[in-house]
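Chain lettering (A, B, C and D) follows the sequence in which the chains are written, and residue indices restart at 1 in each chain.
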Amino acid sequence: MPLILLALPLVIASLSLMFTNRKVLGAISIVGSATIVLTALSIARQVFAGSRVVWGQFIFIDALSALILSLVAIIGFMVTLYSLGYLAHDLKEGEFSEDRLKWYYFWLNIFVFTMFLVLVSANLGIMWVAVEGTTLATALLVGFYNKKNSLEAAWKYIIICTVGIIFALFGTILLHYAAVSVTGESGSLDWQTLRRVAEQLDPKLLKLAFIFALVGYGTKVGLAPMHTWLPDAHSQAPSPISAMLSGVLLNCAFYSIIRFHLVVSESLGFRFSSNLILLFGVLSIVVALPFILVQRDIKRLLAYSSIEHMGIIAVAVGLGSKLALYGAFLHMINHALTKSSLFFIVGNISQHYRTKRIIRIKGLFKTMPIMGPALMVGGLAVAGAPPFNIFMSEFIILSSGFAQGRYLVSSLIAILITLIFTGVIYALSKMVLGIPPSRVKLGEHGNFAVVVVLISLVPVVVLGVYIPGFIHDILQQVTSVFIGGSQ
Amino acid sequence: MLRETAIGAYQIFLIILLAPLLTGIIKKTKAFFQTRKGPNVFQPYFDLYKYLQKESVVSEHTSWIFRVTPLIYFSSMLVVTAIVPVVATHSLLAFTADLILIIYLFALARFFLALAGLDAGSAFGGMGSSREMAVAAIAEPAFMLPLFTMAVAAGTTNLTGIVQSVVTGGEGVLTLAHLMSFMALFVVAVAETGRIPVDNPDTHLELTMIHEGMLLEYSGRDLALLSLGVSIKQVLIFTLLANIFFPWGIATVFSIGALLTGTLVFILKLLIIGIVMAVVETSFAKTRLFKVPDLLLGSFLIGLLGLVSKFVFRG
Amino acid sequence: MQNYQGLVNFLITLILAATFIIIMARRFNSIIMAVIIQGLLLAALSTALGWATGIHEMYIAALLTLTVKAGIIPIVLINAVNKVAINREIESFLSMKMTLLIAACLVFISYLATGQVIGKGSGLINEALPVAISLILIGLFLMINLKFPIMQIVGLVVMENGIFLAGIGTTIGMPLVIELGIFMDILVGVLIMGVLVFRINRSFNTIDTKNLRNLRG
Amino acid sequence: MPVFNELLFTVMLGSLLLGALLSFLLQNKPRLSILVGFSFANLACLTGLVLGPTLLLSKRSLDIILPWSVVGANLQFSLDPLAAFFISVISVLSLSVSIFSYGYARAYIGKQNVGVLGLFYNLFIFSMIALVSSSNTFMFIFFWEIMSLVSYFLVVYEHHDSRVRRAGFIYIVMTHIGTAFIIIAFLLLYKETGSYNFAQYASLTHDLSPNVKTVIFILITLGFGTKAGIVPLHIWLPKAHPAAPSNVSAIMSGVMLKTAIYGFIRITFDVLGVGPIWWGVLILIIGAVSALLGVMYALMEHDIKRLLAYHSVENIGIILMGIGVALIFISYGYNDLALIGLTAGLFHVLNHAVFKGLLFLGAGAVHYSTHTRNIEDMGGLLKKMPWTGFFFLIGSISISAIPPFNGFVSEWLTYQALLAMGSAKLGVAMNIMGPVLGAALALTGALAAACFVKAFGIMFLAVPRSIKAEKAQEVPLTMLVGMGLLALLCIIFGVMPYMAIQVLSPVTASLIGMETIPLLGGYRWLNVTPVMGQGVGVGATSISPLIILFVLVLSAFLVYLLINRVSKFRKARIDETWNCGIALTSKMEYTATSFSKPIRIMFRAIFQPTREIEKEYVLKPYLTSRIKYYGSIKPFFEDIFYRPQLKFILKLADKVTLLQSGSIQLYLGYIFVTLVVLLIFAG
């Protein structure tokens, strides 16, 4: 099963290279990603039913991986759907030539493959290879438009992320070095084994390894101050790719940090690594704030908001109580769903207005009677207002912070979130309200895109008032991954 | 029950009857100090009769507010008359009214009078209303505070209760607090009755008038009602001054003798206050409108000192 | 193992020396030559270690190093240089003296830092780890200090070499699968960077990083 | 009965949701949308009007448990007396406003999307009712935030105007910052007690350390104070209320602000319990300051809705004064005296909802007819719009606390509470503070009267000041009915306060364990009879507004008869206004600016007015052809508390954004530095 999951995107990628026709490519990728969703979900179901999926020495899927795996598959599917309309419009506008379309689908599927590889690999080394793979797969997607800005973004993206990730590799090597003496060559990077023997490892080396891994993978997650590539890449990529980057790639990178964290905390105790994660989390929220307050580009605003939300997840993981972890992964789900949906919406809007500058987008309520309210809903959700999903997880995280007696951190975060809310609302109200510029024609931007957006918004609203039983169960299982190792 | 009603009715009658006379007396006294002959003390009665004989002229711009104001003003004063203890500690409505209500009934009357001042659309009326409301606003706390001091001492805002508590020599009678409160209220009375140095009741000069400005459009029977109402208000405020702070002589039991004494003492007190008021009026010049707050602030501070001394010095 | 200690240490020192050549060089061709030399030295080190320890995978690693780091990557770099920046001076933020000083400091720091982690006389790692960290730090420093995108690729390659050195120096290499993956990543990464350099050059008509500063805030 | 009540509650919430949905779906048929949307709102309010008083009079609570739970908090609506009281208040006002809206919303047909108005209007009422019915802090926050958001959308309903957008933004920012404080307070409570549930707190908060209680108290004072609009957190209020459609402003001012009072009472009385004395003193002083400054700024306004908005600040202040006194007495253990203050505060909540709702509707009606909110452009409207004028007059008298209308009764109770502070055994400081703040309340009341003489006089009396006012017509019947209902309530609560106070009795009983019985003398429903100072007094203090009204009307009638008999002329002659012999034009009238000038000058220390006069001459300096007068007052709180801080934050943010300068070397440097720092400190 996991092999099929890994093979599918590769197959679709290679199939994509054989065609140039837009419709054929679309059909292939939709059918393909639908199959991927089914496969991924069936694996997840198997995992959540209680049996871990293991294949050989290198593949291991537990609840944590399964959760993010499902997110990748689902959002991948939504992105594929959305890409159809989005790319068709871009083609019509002559943003790129049709023969490059196959490369889009090729890299998109490679990207999905690498993310899957991150999640299913049982080996920290392979995980590193896969994380670096995600960078390589997306670098050309970020620069897909071949414009000055997008190339610049792609360049910064690949350089900064590669540098960052090299540190992660160094961390991995240090861990390997620490482990070889205990476990011997073969199991030395298998994180399950490592977790088991963690207490015998050299704590000094572990500390060093974690610092390097945190800085390295943290770069990929977009934790400040290593986040600098993120607003550039997320704002310059085609919107469906931005959705994918913000929605799931960050989570995959975060997953890598968690794996290290789990190993290291076994040996060094909980405080060391979780406090570092917490620190970076708070720092990320702090750094995101001013950029959101004075932001001029809507996609950059969303990117900074992603930094903020990764910070919140980091804080929650750093807090580390059961409730906090529950909140962290609920937040991960919520953020993935909401942010990807927002990038869809903004994609439509920026195509319609032919700009991403907030100041030039006005009167959305009038011009786009569905996208305007949708942007408002998504924006409010991402800013943490009820009755939308992110409010729920933020509330859980804050309350767990208070419950642990970490008043200062929790209050600080509550205040930061509030201030960020004002920044987001300021930008949103600039866009949705007011009188639209006369150059913009009234009406929606294609029915298909509207439908995709509306579908993607459904969980945003539903999860805001109601957490279904199965999600509750899943989150319980994911949190137990953290606790499980210590027993 | 019947007896109390009778006393209440008597007090109302007395006040309505005495009101124009007091105005006359004050005018006469002022004339005396200004070495004029001055009008007859009964001149206000003649004026009222004259107004009633004249046709009422109403501006075409006015609304029904203008028409009903004299009635509302006058009947508010009547209601207050029925509340205030005059010659006896009891009054017709004492059981169901208190001094806060009295002050707000004055406010009701003033509210409509000020609206009526605006109603005709002339600048004089508007000016009068504007100044009246401004002066009344800053006079209000100064007016209330001394009364509150007395009410707190008596433990009730009911006038009968306050008067009784003072008569029976309750807590803090004739103390520093008591006297200071009286002084404070006396200053406010000057403002409330529209007298120099706050207002000049005898002028119709646009720069100086406050109260008269609002009455400018009225004539005939409407003017009669309002003039009488204003006179009654003056008597009522003097009565408050007299009976709250110096109630001695007031009838506490229902006997003819006590009532007679009460009536005589009351008239005497009114005369004294009226004459003092006239003296004050002649010895001061009218201040500028924007100096009035200083005066009232002074009054408020005296009242505050009274209140503080009540608690700090226990007397 | 002990017999080869001297050789290995010598090779490691040479690798560090090659890095300094890269720092000091002011022409692209010499830089690329230094990169190739470093690749060769790494391959040699790998072979020596394989010979010394008898682990055959080290030979494969050596071969890979030879082809990728001394072969393909330099070719890509040369290609890129020829296309976009032939015969150009390399500009840096700091002067040569400062650059050297800082690089020396970084080496010093690396020895200092690793001294705390590993005890004295723990063999191979004693020499390899500090040099590896030096390479990583100097690579990063190169990327920060030099103004041309191609030099950033070079810096990255130096960092990567440091990592490789750390890998083989500490634990005689990672498992082969991982090693292969890493090589592939490096290869693809450099290729993609090359592609991007071409495209940037085409769009901007120049490849100066001064122009790559449109995205702010 | 409980089943029936449950059904009522479900119908209420359900019809609001349905109304929201249907009105949105019918947006292409605006007339139908209006009809459907507001009819459902009316239905809900009617059910609320049945449910609230029923629960109060039967002294029952109602619990409705939802079938799922979130965050470990049971989702449960529970309607205790306090909630039932607020539901009644919300329903009373919303009913009238919804009736009013049938007519009023038609003005938007063709200009704005009426379906959206119906959607948010219904959701707004829904969120408020759900908010006061929430049984735990999570639900409270949830609906609180929804209420804020929905009201934000209502405020920016006319968003083509940039001022409206700005107002809306300031509103949402302020209210959200307030919410942050509330959330922190609630989470602190959760941490200390381990529960989200209001009902459980009473038993759990006993052991709380005083410091924690104090922190929570300060946080909720800030949080709820922002929503309620206490000075200096009020700045959003005079911006947001005028921006919203008038029916929405009526509800915002009438009841939304009160939800903050609800939250405050819920937490201080129900959850935190007895606190130190300075809590009450703080609230009392906040109340007095808000009341005074609110009314003073109101006097300076010429925009009728801004004026009314400032009066909301004032009245919230008065409500807080009552509550503050109650808190002080509770701290001293005099629960029976606390009763007076609490009753005064809660009763004023009801009264303010009624008369402020009425006034906002009146303002809306005037705007509907004249298309202006500037009172300097009105005048003479009483003749054009006799009913609107009449109702507005009733509202004006009520808000000025003049008998025999409802504003007076609750202010009278507040006076009694303050005086009770003077005569009870509380120590010198409290003894003095009570009467002095009573005097402050007197000043407030008198200034309010001045303000409404200005507002009513300039708007409705004399000669129209502009063509707009000249063309004004009476508004449609539904709007009149909406206003009429509220006007009627002003009179009913004014002359028969016992009706309301009896309904309040279970509320106070549940909050401080005292029923309102001591308030009643031997005169049953005629009287409001607080007993002052625990037997210190000689006699009981009581007033009967009904008797006073009766005597007032009777004497007016008698005087009328008498004067008709005595005077020669039955009818008045109609003639011109005397104007020194020149025909009167509207330019000669006293304006609102000139009306408020004496007060502006008397309180110049607060207003810091500036003025500027420009003259154009025909023949200098003798003949002037045109004079332009500019006058303004200094927006003190914005200048001191807000603008500099905002500027600073934005400047700082601008500086910080330089970090993202675009230089890749710099970015790599960040990573480098981070790594080195981490290695040094953590490694």
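Throughout what follows, a contact is a pair of C-beta atoms (placed from the backbone, for glycine too) under 8 Å apart; a residue touches a chain by one contact, two chains touch by 3 or more.
Please read all numbers here as calculations on a predicted model, not as lab measurements.
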| item | value |
| --- | --- |
| Chain separated most widely from chain B, comparing mean CA positions | C |
| Chain centroid nearest the full-protein CA centroid | D |
| Mean-CA-position distance for chain D and chain B (Å) | 35 |
| Centroid spacing, where centroids are CA-atom means, of chain A and chain B in whole angstrom | 78 |
| Cα-centroid distance, chain B relative to chain C, in whole angstrom | 100 |
| Whole-Å separation of chain centres (CA-atom averages), chain C against chain D | 70 |
| Where chain C touches two or more other chains, by residue | 140, 143, 152, 212-215, 217 |
| Chain A, residues touching no fewer than two other chains | 155-156, 159, 163, 167, 208, 231, 291, 294 |
| Which pairs of chains touch, using the document's own definition | A-C, A-D, B-D, C-D |
| List of chain A residues in touch with chain C within their complex | 58, 123, 125-126, 128-130, 132-133, 135-136, 139-140, 143, 146-149, 151-156, 158-159, 162-163, 166-167, 169-170, 173-174, 176-177, 180, 185-186, 188-189, 204-205, 208, 231-232, 235-236, 291, 294-297, 300 |
| Residue ranges of chain C touching chain D (in the complex, touch as defined) | 93, 113, 137, 140-141, 143-145, 147, 152, 209, 212-217 |
| Complex interface listing, chain D residues touching chain C | 657, 660-665, 668-669, 671-672, 679, 683 |
| Complex contacts: residues of chain B adjacent to chain D | 52-65, 67, 71-72, 74-76, 78-79, 82, 93, 95-98, 100-101, 103-105, 107-108, 110-111, 114-115, 117-123, 125-127, 129-131, 133-145, 148-149, 151-152, 154-158, 160-161, 164-165, 170, 216-217, 220-222, 224-225, 289-290, 293, 300, 303-304, 307-308, 311-312 |
| Chain C - residues contacting chain A, complex | 116-117, 125, 132, 136, 140, 143, 149, 152, 156, 159-160, 162-163, 166-167, 170-171, 174-175, 177-178, 181-182, 184-185, 188-189, 192-193, 195-196, 199-200, 203-204, 212-215, 217 |
